[in-house]
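Encoded as structure tokens, here's the structure I'll be asking about.
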Amino acid sequence: MQSDVKVRLMAFTPSPDGIVAAAAGLCYSASSVEDLIDRFKGEKEQKEQRESFIKKLRASGHLSPFEHVSFTFAVEGISRACSHQLVRHRIASYSQQSQRYVSMKEPGYVVPASVKNDERALSLFEEAIQKAHEAYKALAELGVPLEDARYVLPNAWETKIVVTMNARELHHFFSLRLCRRAQWEIRNLARLMLSEVRQVAPGIFDVAGPSCVTKGKCEETKPCGKPYSSMEDLLCWE
Amino acid sequence: MQSDVKVRLMAFTPSPDGIVAAAAGLCYSASSVEDLIDRFKGEKEQKEQRESFIKKLRASGHLSPFEHVSFTFAVEGISRACSHQLVRHRIASYSQQSQRYVSMKEPGYVVPASVKNDERALSLFEEAIQKAHEAYKALAELGVPLEDARYVLPNAWETKIVVTMNARELHHFFSLRLCRRAQWEIRNLARLMLSEVRQVAPGIFDVAGPSCVTKGKCEETKPCGKPYSSMEDLLCWE
Amino acid sequence: MQSDVKVRLMAFTPSPDGIVAAAAGLCYSASSVEDLIDRFKGEKEQKEQRESFIKKLRASGHLSPFEHVSFTFAVEGISRACSHQLVRHRIASYSQQSQRYVSMKEPGYVVPASVKNDERALSLFEEAIQKAHEAYKALAELGVPLEDARYVLPNAWETKIVVTMNARELHHFFSLRLCRRAQWEIRNLARLMLSEVRQVAPGIFDVAGPSCVTKGKCEETKPCGKPYSSMEDLLCWE
Amino acid sequence: MQSDVKVRLMAFTPSPDGIVAAAAGLCYSASSVEDLIDRFKGEKEQKEQRESFIKKLRASGHLSPFEHVSFTFAVEGISRACSHQLVRHRIASYSQQSQRYVSMKEPGYVVPASVKNDERALSLFEEAIQKAHEAYKALAELGVPLEDARYVLPNAWETKIVVTMNARELHHFFSLRLCRRAQWEIRNLARLMLSEVRQVAPGIFDVAGPSCVTKGKCEETKPCGKPYSSMEDLLCWE
């Protein structure tokens, strides 16, 4: 069965914008933390003040306060190719479904658009996946341990993973993985993650992504030639 | 003015026990994350099941799921001697009041019990602090920048800091800093932090601290000779 | 073609035992660093003194000095299943051959012993690999980008990776990945890495591995029942 | 006694430029690691090719290969104010002389230029330091433990520390701490560290420092107004 990526924001530090603002305020102020929390974490009338303060922090590169809030995502329906890229981000925490211990009874796999859009390619692809799954099951029946039988399963195979990143690392992740030079699957994952966090931390994630969006111009040495013009442009998956 | 340490749990990942259990469950199960959250994050009747599962995780050394939840503390009234020890823990995030930018108008300082309990020592100590503060103010008046004038301020000088650690790192922190071989000030800080997190994450922090408490026997090469007998013993500051 | 793992120690901090000893010595001594280096980094007659000091550090859990020396390995002929496990170690640095950019013209794959030892399994396995590779090539010919065509390549597919870890993280890595509960492929990789570093840092890696070897008794909650009796036992691959 | 900072490059990964180039090459090439090492690590005639390749890596933001090489510095004669800033860099390893265990018999302290250059300030400063040291000794004589007596010692007090950073983190460190907005003491430390590593890794550290030098224009939101014009300008301490 073809898998579709599903991202759910499982948990996050409450009042993320307020916490970042209060922590940053502490660095430059003689106030007590109590006062700073009152100043920043509060009611809606403070929203504007808070978001403008956060904007300044981001612009000035004073990024450490963004580490105080973190976001936990339940991710399903991504390929092992994608999860291998994902876990290369080291300032993050992961709990991934194990192919060593969990039997892959039903085929679940991710199909790239470049394959989906070409009938012959799709038919080749699905046949290859099916063959691989049959070999997996046959090996298991011969007594090969699951952890070894899975060696024939393809990169496309679906995995589930719980991911936690703090807001600073998320910004870094978005800057790399929302760039058109990243592979489509992790870009799509990043886009869904960003959509989630923007709803609960509008100040922190007001602007996020590659340099075309955050700095108004591409800083890549090999530009893709199709810079995003705005956050809306970035978030509307082509 | 003598400072007293004040610790406030400013923010934390909601339902920490449930999140850890759900993330850990994912590794070994074919279930969807949705189902795992339902299973672990829910109502009180699940409390026992959840806490027993977390206990097993801790015992088995499967610690990565504990990283998905983090805790942010507002700490005031600790010395710069203590904060220098604290920030050596690198898997953590800090926002500290700056001595470069914030003027230290009023003296605020931490007095060790070994000094407090000896009248002559206390008088020597307070005089030294006062002299240092006077020199600081005099240097500032001569036009020396605050960031340089502070070079005469003592280690005892009070600081404020916002600290975030995830539950895995907190366990590590507690194992080192609640041991009697740690200095009294950071031990006291750790004790207050532990008291806070036990209230909101009883499963995760049911047992925490040095090996005398967590393993029932001291694993130090130079034991202090006064092992804690229980969590109660550990948390009741002598 | 079946791949065999190849590990080469590409680079390392020179005089690792001496550097660790000198750095550790600094913590507890009024000596200059110069003197400590002279004391520990020098000639063979100091070897015994140095190694005995390092042994004490390890036993006492004073592990941070072990971070000052690092080791860089060129690893070839491991599967992507193995590299996915490897890169989960986050206190490390990796440069991995990209399946997005490098064309996988020739089949290179890792065969588990459980498969190798069973004629029927091996034949099933090799056929599956071959089919996957054919599908990969056919997709590429249809114009599917390499980064997408690779979705049909199996977990068994060979990869190359450069890995750097410091000695503290290596000890942690060895404690987990040399345990019989780890999968055979990463265990074998870890064993080869340990063999390499023992030659250049005999003090630091005198004893390393799972608790059966380092503590003389198994600390796993689900012991394998076949504890290693010695370093020799551990290093002689069965 | 007034202390002067002393930095010694105690150890580093040999052939740093070659290792970074070979590791980076692996990502995009079908070559064996052996071949890549031969290509990049070798003789002087390869120097130019190697350095140009590294330059491209740096420019393109492909920074992870720079993590494979690390540098260990023995630092003496910095203040505890400076070391408190230094250890905030978390992707690094530290072994610091302990004020808890080492008796501070002789006064050793750092004097800011802003104090040195003003006779009255200097006299005030030195008197304050002396008073603090006397109080320290008097407290120790009264039986106050060293770890508590040190609470009266000033931020200016000298410390010794062994620091290890990899080349990627060093670049980050230099970008922040060589900026004129950083405090003079850590700027001076960073400058000395950079001078050391440029000698052994000319390709990697050809250009390093704040954005005025590395990007040709200041990216600070509050520019200092005195951008460095070149690496020479940066390295010649005013």
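A, B, C and D are the chain letters, set down in written order, and residue numbers restart from 1 in every chain.
In the analysis below, contacts are C-beta pairs under 8 Å (C-beta built on N, C-alpha and C of every residue); 3 or more make two chains touch, one makes a residue touch a chain.
Note that this is a predicted model, so its numbers are computed, not measured.
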Far-end chain from chain A, centres as C-alpha averages: D
Result of counting contacting C-beta pairs for A-B and A-D, higher pair: A-B
Type of chain A:chain C copy interface by residue overlap (half), same or different: same
Geometric centre distance via CA averages, chain B-chain A, whole Å: 30
Euclidean distance of C-alpha centroids - chain A vs chain C, Å: 28
For chain C, residues contacting two or more additional chains: 94
Residue ranges of chain B in contact with chain D within the complex: 79-81, 83-84, 87-88, 90-91, 94, 99-100, 109-112, 114-115, 118, 120-121, 124-125, 127-129, 131-132, 135, 138-139, 142-145, 147-148, 150-156, 183
Complex contacts: residues of chain D adjacent to chain C: 8, 10-15, 19, 22-24, 26-30, 32-34, 37, 64-65, 67-70, 72, 74, 76, 93-98, 101-103, 105, 160-162, 164, 166
Residues on chain A engaged by chain D in the complex (per definition of touch): 56, 59-61, 219-222
